[in-house]
Structure formats: structure tokens, C-alpha cells
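Next, two complexes with chain A in common: one pairs it with chain B, the other with chain C.
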Partner chain A sequence: MKLGIPRALLYYDHAPLWSTLLEGLGFELVISPPTNKAILDLGVNRAPDEACLPVKICYGHLAALEEKVDALFLPRMVSERPKTFFCPKLMGLPDMVRPELAAELFSPLVDLRRGKRELIRQLSDTLDRGQRQVREALGFAERSLNRFLKKMQEEKLTPLEALAGRSLRRKASQRQIGLLGHPYLLYDSFLNMGLISFLEERGFFPLTAQMLPPQQIQRCAEKLPKKLFWSMEAEIMGSAIAFLEEQVMGIIHISSFACGPDAMIGELISLRAKQSGTPLLELNLDEQTGQAGLQTRLEAFLDMLQRRCPA
Partner chain B sequence: MKVTFPHMGSLAIPMKALLEEAGLEVVLPPPTSKRTLTLGSRHAPEFACLPLKINLGNYLEALELGADTIIMAGGVGPCRFGYYGQVQREILRSLGKDCDFLIFEPPAGDFKGLASTCRRLFAGCRPAGILRGAKIAWAKARAVDKLWQVSLWARPREVERGRTSKIIRKLYHKLDQACEMKRIRRIVREGIEELKSQAKGEPKAHIALVGEIYVVLDPFSNQYIEERLGEMGVEVSRTIYLSQWIVHHLVLPTFRLHRPNRSLGLASGYLNYAVGGHGLETVANTVLAARRRFDGVVQLAPFTCMPEIVAASILPRVSKGEGISVLTLFLDEHTGEAGLVTRLEAFVDMLLRQQRQRRQGHGILSWA
Partner chain C sequence: MGYYLGLDVGSVSTNFVLLDKEGKVVWDLYLRTEGRPLVAIEKGLGELAKENPKVLGAGTTGSGRKLAGVLIGADVIKNEITAHAVAALALVPSVQTVLEIGGQDSKLIILRDGVVTDFAMNTVCAAGTGSFLDHQAARLGVPIEEFGKLALKAKEEVRIAGRCAVFAESDMIHKQQMGYPTEEIVAGLCSALVRNYLNNVGKGKELLPTVVFQGGVAANLGMRRAFEKALGTKVVVPEYYSVMGAVGAALLAKEEVANTGRSKFKGMNVANWENEAGSFECPHCPNQCEIVEIKQEGKVIARWGDRCGRWSNVEVAV
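This part shows the complex of A and B:
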């Protein structure tokens, strides 16, 4: 059976987990191509106007896949850790997209607050495989996820580089710029118009949450008076504080226009950046964002950093 | 200590009673106004939800009047409300506002936090006063809701335009002044009488109001939609009330109880998960409204509200599947009155047209 996985949303966080699991269970996988103009247009067309850009993009990736596969895989992401959640939109997404789709949709509930047993049961039900088999495949999948995370962190790679098996270890440099944002914005180079390579071409060294030790992020996130209950925002917030600790030259925070959770931590981040005197550039992306405008703002920001510490 | 808290519809009536009976000095924020919203929006994150912005404006205006302690509820997610207080506290601090910001967190198994916040607020208050305050506050919360409910029934039937709104304002004022249980009961009894006695006509249509709790409960934030619809001759049924919110958000979580989720069944097939806030309820209540043969549904949602965006993207299908017209209104500080009124009028016109068509349709059928 051919199963389609959209290269959108949590793909950038969990890709090896799902691909190892599903292949282990005997599915043939089709992953949608990197986001392009056609996918963006499909998504914007299908998704409701009020949805944020990443959600629209996901509609687009599903649409690009639906004719090519027997079924699509989009889990209902609720929680990956006790006392945390994903954005409510990710919880509702399978119900939002399902009626529009030409292919069947597999959307197991991923709610790790309820423990792994329940996850296995969910996967086994939606994928129609025995629990034993799922448990075993899940074990492999988790190990490959961990290897992936470790590789990104140790070699300072982006998810796509780690997946492609890039082994070039990035050298730390003085000219570090902290990048903040959901992985689906940071690493989708169509949406952010090649931000990471743009920085590298100018001789800056991009640092992201995925390249930091998780313990450090967690320790930093715990500095807030109240723990954030969104795990992704906790990671962004924790890495923001870590970047300030590491004394990066500057910070770029990419978020989607009208993103709910980001609006909350955005304020906390900008207050902290101001306090520590670290320059912060906030970029909001939506389907109307033009390349020219984005680049002008980036250039101006980088020029300013350059002037502050000409190295 | 001069205590204040944000407005949310008529929340101030019971809250003030509770705090004052307990022996605290209360400084109410002035009623929410354009100025409140402007102040709040200026200092809040652009994409924060509308309630956060209005809260912030309320605080700033109350601080101007001398308040020095703010109280606010917390939460455990997944929706943003649970983190409002944290963000608001930091914003106030960055503005150099010196005040105590007490956040009442629902104790997820741990009462220490809640208990210590309570001790800080009620330090020096007599337990008897607090208890009495709680009792009166609860009675007032129920009274506020009961009268409002009757007013929604009465307004489209009122003989003299605007009379119902005048009466309800007067009744709320009286309730606010009342400090004995007997008096509260009398106000409710007589209030219901008075509201009903001036209602003679028949409503033209029946609309259910669903959506995010704050904008449903707070007439300023929804541009007085219930009044506007009522005065167009439409009976409005609201699905959320303050006293219910108190039970669901403050009382039940404290005892780690969960509300039974009837909504899952109703919404099933459209939305199969509780996505935080009132997203699931919005879908479920729209289904319910269709089954109860309402003429239409109005969904109210703050711009950028995640659960309501999920619901809004599903409602068109509910509308088709269940055969009910739905109008979704996203609200923020830029929502203009004129635009909103036009959309409401167009919606009501459409409902009336549908009604006529249905009637004619039946006529032709019975003729044949």
C-alpha cells in the first residue's frame, strides 16, 4: 500500500520516526516534494482564509499527494510530553483536511500524556497492523529519531541535511546568529526564501534550537516563572534564552502571520532581547510575503550587526 | 491593598461582591471602552487574542485609578488563556507599572500554589466574610445570567424599541448594590416579571450564538451583538454563560473533575477532538441548533483564536450537512461597527428570505 506523507508541519521534527515506523510496517512511502509555488497555490486555494501559512502549506502538500497514493498519513498531534500540548490547530487538522481529500486519511491520535501503550494501540488501529508488530517497529523508529536528533545537535545540521546524510560538520564561529521559530518555517527554504543559505553566504553562522543540547534548552525554558504548556513554544523560548546566554550576535525570529502561540512568547522574547541588548529581527510570513521585502529587511539587519561588531 | 481584575461581561458584579464581602478594597476598571481597547492594543503583541488586549487595557485604566493588585485566572492549556497572566505581567513590568499580579492557577493535583495565592490575597480577611462573599457572589452570578437569558427572550418581543436594554441595565445596577440574599432573589423575581410584561410580539427569527467565551460573554467586545440582533426582532440563544464558566473553569478543575463531554457526540463526524477553548462546543452547538430548527447560527471568534479557527473551517460543512446558515465573525481592534452591522443585517435578511421560501415550498407541496 502506498502511503503519502506531507513534507509539512511536524515533518521537520519527526520525519525519521514516521518513515522508519511505516516502512517497518510494510508501507511504501511517498513524500511530497519540497514546497513550491504550485503547492503553495493549492494550499491557499483549499485552506480556509483564516488558517496560518504552515497549515495552508500542509493542505497543499496533501493535495499534491492525494492522486499518487492509496492513503495519506497525518497524525492528530496532541501532546508529546506530560503537561504539554501542540497548537490546537494541529489537534484539529485531520478533521479540517479530511473532507477535501481524494484519498483516505490515516490520523492516529498522538497523545503521549496517555503513555506509549495507548500510542501503540492507536497506531495499530489506524494502520491495521498487530500491536506486537507496531511495538517493534516503533522501537526502531524511536532509535532512528534519536539518531537524527543527535546528529543535528552534534554536527549542527538542519533536519534536511541530517536526513540527506550530510556529514560536513559546521564549525562554530564568532558570527553566530540565533534562529528562532517553528521548524516548519525555519527549514522550509521556499517559505523563508532560503534564509539559512542566505546567512551562510554572508559569512554568518546560523544556530537553531535543533543544534543545541536539549538539556540546555530545557534548563533555559525553566527560567520562566510558569512553564509553557506548548512543547514547541517551550523549545523556542528555551532556545531564545540559550542564545542570549551564548551571546549570539543577533537573533532572528520567524513566525507565521497571526500565529497564536508565537504571539505569546514573541513578547517575552523581545523583552528579554531588549534587556540584554541583543538585536532581534522579527519576521512574519504569510502567502503574500515578497522576496524583495524580506531580503531588504534581512540585509539591513545583517548590515547593522556587521557595524556593531566588525570582525 | 487595592484590588482590581479585568472585565468580562458582567463578571464585575459577582467578583466585586466576593472581594468586598471578604473585606478587600476594590478598584474597578472603568467600563471597557474604545480607550481601553486602544491602550491594550498599543501595548499587547499584535497577534495576541482580543481578550488579552482588552484585559491589559482594563489593568492600565484601573492602575490609573489607584489599584495596586491585579487578580487573574490561569490555566493549563492548550489555549492561550492559561498564559495570559504571565505575558500581561511582563508587559506591565516593562511599562514600569509597579503592582502585584496574582494569578490563580488551577491546581493540577497540587494545591500549594493556589493556596498560597489565596493567602496572599485574603491575608487579614475573616473566613466568615470570605464564605459569605462566595455565597453572595455565586447568587449574583446566577442572577446576572438568569436576567440576561430572559432579556434575550424579551428583546425581540418588546413593544418599545430599546426598553429591554434599559430595564436590564437598571436591574444590573440594582443587583450590584444588593448585599443580601433576600434582596437578590427579589430583584430576579421582579426583574423577570418586568422584562416579560413588556414583551408582546413574536420574534422574526431565532439565532444561536456560539463561539469563544470571552467575546460571547462580553458585549463590548462583540459590539453589542445580542442587543443589535434582538432589536432587529431576532431572538438570540446564547450557549455560554458566566456561572457555567465559573463551574467549568474555576470549580471543577480545582477538584480535578472534568465536565462530561456531550459535545463530542454531537460534533462527531465533523470534529472529533476537543481542540481547546470552545472549539468543539462551537461545532457541537451548531449541530444542536440545526436539530432544534433554529434559523441560523452566529459564531463569534477573536481574530487569531486557534480553537475557533479550527471550528470556523469546519462549520461550512456542518452548515451544508445539517442545513443551517452560519455567519462567522472574527473580531479584533480593527472591527468596525458599520461593517459588522451590514453583515448582520444581510445575514438576517437572508434568514428571513429562507424562511419565506420554506413556507412557500410547503405551500406548493400541500397544494399538489
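This part shows the complex of A and C:
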């Protein structure tokens, strides 16, 4: 059976987990191509107007796959840690997209507050495989996810580089820029108009949350007076504080227009950056494909960093 | 005697300046872009050719900086923020805050000890920028040059909603129908735009004197006064406020040429050359990038707009 996985949203966080699990259970996988204009157009046409851009793009990826597969795989992401949640749009996503799709949708509930046994039961039900078989495949999948996460941290790689099996250990040079934001914004080079290569071409090393030890991020996130219950935002906030610890030259925070949780932590981040005197650039992404606005701000930011501390 | 040329190709205006070796403005030109940057650049070059200066280096800035840069062979192609900061610093060395309002965007630049430490630009919305003031002046039947002076005549101010240009306009129409005098409405509009700028662009930033106000909108006396009132400090408008981007570009060109030793400027005969800009959609992938192609004297000198570099990396005749 051919199963389609959209290269969108949490793909950049969990890719090896789901691909190892599903392949282990005997599915043939089709992963949608990197985001392109056709996928964006498909998504914008299908998604409800008030959805954020990453959700619209996910619609586009699902649409690009639906004719090529027997079913689509899109888990319902509710919680991965106690007392934390994913964004409500992710929780409701399977219900939002289902009526629009020509192919069947497999969306097991991922709510780890209920424990792993419940997850195994969910996977077993939606994928129609025995629980024992799922448990075994999940064990492999988790190890593969951990190797992926560790590789990114140890070799300072982006998810795409780690997935492609690249193992160039990049030198964390003096000129580090902390790159903050959801992985689906940071690593989708169509969406962010090639941000990472833009920085690299100009001699800056983009440091991201995925390249930091999770213990450090968690310890930093706990410095907040109140714990954030959005798990993705807690990670972004924790890495913002960790970047300040690492004394990056500057921080770039990418968010997408109409992202509720990001709007709130945006303020928290700018307060912290201001206290430590670290320059912060906030960039807001939406459907525009004109690169001028983004480039002007980035160029000016890099000029400012360079003039503040000449190499 | 040689000069440095600066070009600022913006959405509303295209500006040229010539600086002498000391960095003093010896010639400047303010043209309306009118949506056709290529035409404006050619027109400006024509005017420049009449002066027949010896150009030692050239820099471009503004949203049309890339286009202008390849046409004339610029030594530096810089973003507007850096250009404006450099110019303000050169003309008003004590500057700590630059307010810049242009045709389509507004910027705020914070400097400390002669270095940019922070900046902000308006987001996608162009509310409160020059083109909106232009539009409102035309609607009220007041020439834009008189608009600011009119605001100064007002004894009272009418409260106008400044958050959004569309709301501001309907608010103004409403206040007009109620019978408020035009000058009070105009003064109210200036205050609304300043309030909006300070809330939106300036949010959370510390605006310390010396405050320099530049960009086309700095001509507007009403806006100057509204800023002074809101900030409680004197606002300095430099003599060449409308062409500060171009001044910055020229200064950066001077710096660049001092480093490289030679200029890439194509010479004054560029004024006589035929330029042509065309575009096409690349058929090679689903991104369907719109490629812009610039020709000079029939030869392709630059292409851009592609995400993959297929077109812009192609060796082109210079």
C-alpha cells in the first residue's frame, strides 16, 4: 500500500520517526516534493482563508500527493509531553483537510499524556497492523529519530542535511546568528526565500534550536516565570534564551502571519534580547513571493551587525 | 575635480546626488518615479550628463537599487536603511534617532555612538507613508507642497483614526461632512500618522535626541510639528532631507572605491545608451519564476528573479 507523507509542518521535526515506522510496517512511502509555487497555489486555493501560511502549504502538499497514493498519513498531534500542547490548528488539522481530499486519510491520535500504550493502540487501529508489530516498529522508529536529533546537535546540521545523510561538521565560527522559529518556517527554503543560504553566503553561521542540546533549551525555558504550555513555543523561547547564553551576534525570529502563539512569545523574546543588548530582527512571512522586502531587512540587519563588530 | 554619484530609486521618487571629495552635496535631482524606474533613471542620467561630471565612484540604493546598479555599473548596491543611516551620520554627527518616511515605507533607525544599534520598518502596510499623504492632499484639493503649511494654520486638531489608511480616509470624510475646517482635519491627520508611526514602527524603542527627520515627507511642516509635539524634542530636518538615501549611497561608494582603488562606473556615456527591461516566466519547474532581463545597447547585462540561479548565473555580456 502506498502512503503519502506531506513535506510540511512537523515533517522537519519527526520525519525519520514516521518513515521508519511506516516502512517497518510494510508501507511504501511517497513524500511530497519540496514546496514550490504550484504547491503553494494549491494550498492557498483549498485552505480556509484564515489559516496560517504553513497550514495552507500543508494543504498544498496533501493535494500534490492525493492522486499518487492509496492513503495519506497525517497524525493528529495533540501533545508530546505532559502539560504541553501543540497548536490547536495542528490538533484539528486532520478534520480540516479530510473533506478536501480525494484519498483516504490515516490520522492516528498522538497524545503522549495518555502514555505510549495508547499511542500503540491508536497506530494499530488506524494503520491496521497488530499491536505487537507496531510496538516493535515504533521502537526502531524512535531510535532512528534519536539518531537524527543527535546528528543535528553534534554536527550542527539542519534537518534536511541530516536526512540527506550529509555529515559535514560545520565550524561554529565567531559570527553566529541565532535563527528562531518553527522548523517548518526555517527549513522550507521556498517559504523563507532561501534564508539559510542567504546567511551562509554572507559568512554567517545560522544556529538553530535543532543544533542545541535539548537539556540546554529546557533549562533555559524554565527561566521563564511561568511555564509555556505550547510545546513548540516553549522550544522556541528556550532556544532564544540559549542563543543569548551562547552569545550569538544577533537573533532573527521568523514567524508567519496570523500565528497566535508566536505573537505572544515574540514579545517575550524581544524583551529578553533587549535586556541582553543583542540585536533582534523579526521577520513575518506570508504569501508574498517578492523577495525585496525580506532582503532589504536582512541586508540592513547584517550590515548593522558587521558595523557593530567588524570581523 | 572628481565626484561621487549616489542614486536612490524609490517607489515614488528617484533621486540623484553628486558629492565632492569632502562629501558635500554639489548637485541633486529629485524626480518622480511614476512606476517606471527605468525611464526615471534614464531621465536623471540625461540631466546628469549636462553637468558632465568626472565620476570617481557610484552607489545605488532604494527598492530599484539592483536595476540602477547594473545599468550604471555601481560600486555599491546598498539597502536603504544602511544608506540613510550613513547619510544622517555624515550630516548630523550627533544623531541618535533617524525618522525616515518615504513613498511606500517608513523606517526608524536608532544609532548610538555613531553605530546603528537597532532599526525597524513598517510591515506590509503602507499606511502613513508619502503615497497616502499624496492621495489625501489630492482628495482635499490641496497641493502637496501646501499641505503641511495648511496644518500649521490650524488652531485646533480634529482626531483622526490613524491605524489604517482606509479607516483614516473614511474618518476624514466623515469629519469633513460634519463641517470641520480643512486645516484642522489636515493637522489631525498629521498627528494621527505620527501616532501610528510611533506605535507601529517605534514600538518599544528609545527615541533619544538628536532626532533627524528625513525622506520626502520631511518637507511637510505639519508632520515635523506633530513629531516635535509627540517626542517633546526638536526635530532636525537636514538641508538635503529628500535625497538622503542618494547621499548615503554616494558616501558608501566613496568608501568602497577607497578600498578597491578603482570604480566600476560605466562612464557618463551610459546616459546615451538604450536600456530595455523585459520579463518572462521560466518553464523549467513548478515555481514558474518570473525572470527579469535587462538589456543595454541590445546586450543582456543582467537577469534576476529565479530561485535556482539557472538564469542569473548565466554568463552574460557586460
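One rule holds in what follows: the second predicted complex is superposed on the first by the 310 of 311 C-alpha atoms of A that agree within 3 Å, B and C clash if a C-alpha of one lies under 4 Å from a C-alpha of the other, contacts with A are read in each partner's own complex, and residues count from 1 in each chain.
FYI, contacts are C-beta pairs under 8 Å (C-beta built on N, C-alpha and C of every residue); 3 or more make two chains touch, one makes a residue touch a chain.
Quick caveat, the model's predicted, so the values are computed rather than measured.
Trainee: After the alignment on chain A, I want to confirm one thing: do chain B and chain C clash, or do they fit together?
Mentor: By the criteria stated at the top, chain C and chain B fit after superposition, with no clash.
Trainee: Examine A:300 and indicate which partner it touches, taking first as chain B and second as chain C; both and neither are also allowed.
Mentor: It touches chain C, and chain B stays clear.
Trainee: Mind checking the angle chain B, chain A, chain C on Cα centres after superposing, to the nearest 10 degrees?
Mentor: Computed angle, apex chain A: 80 degrees.
Trainee: Between chain B and chain C, whom does A:36 touch in the aligned arrangement: first, second, both, or neither?
Mentor: In the superposition, A:36 contacts chain C only.
Trainee: Applying the touch criterion given at the start, work out whether A:260 contacts chain B, chain C, both or neither, answering first, second, both or neither.
Mentor: first
Trainee: Could you say whether A:215 touches chain B, chain C, both of them, or neither, answering first, second, both or neither?
Mentor: A:215 contacts neither chain B nor chain C.
Trainee: Please give the nearest C-alpha separation between chain B and chain C in the three-chain superposition, to the whole Å.
Mentor: 6
Trainee: Under the definition above, what is the set of chain A residues touching chain B in their complex?
Mentor: 47-48, 50-51, 76, 78, 83-89, 91-96, 99, 109, 224-226, 228-230, 257-264, 266-268, 271
Trainee: Would you tell me which residues of chain B are touching chain A in their complex?
Mentor: My answer: residues 44-49, 74, 76-80, 82-83, 86-87, 90-91, 94, 103, 105, 108, 270-273, 275-277, 279, 303-307, 309-314, 317, 330.
Trainee: Across the complex, what residues on chain A touch chain C?
Mentor: Of all residues in chain A, those touching chain C are 36-39, 190, 193-194, 270, 274, 279, 284, 286, 288, 292-293, 295-297, 299-301, 303-304, 307-308.
Trainee: Where on chain C is chain A touching in the complex?
Mentor: Interface residues on chain C, with respect to chain A: 63, 78-82, 115-119, 121, 123-124, 204, 285-289, 307.
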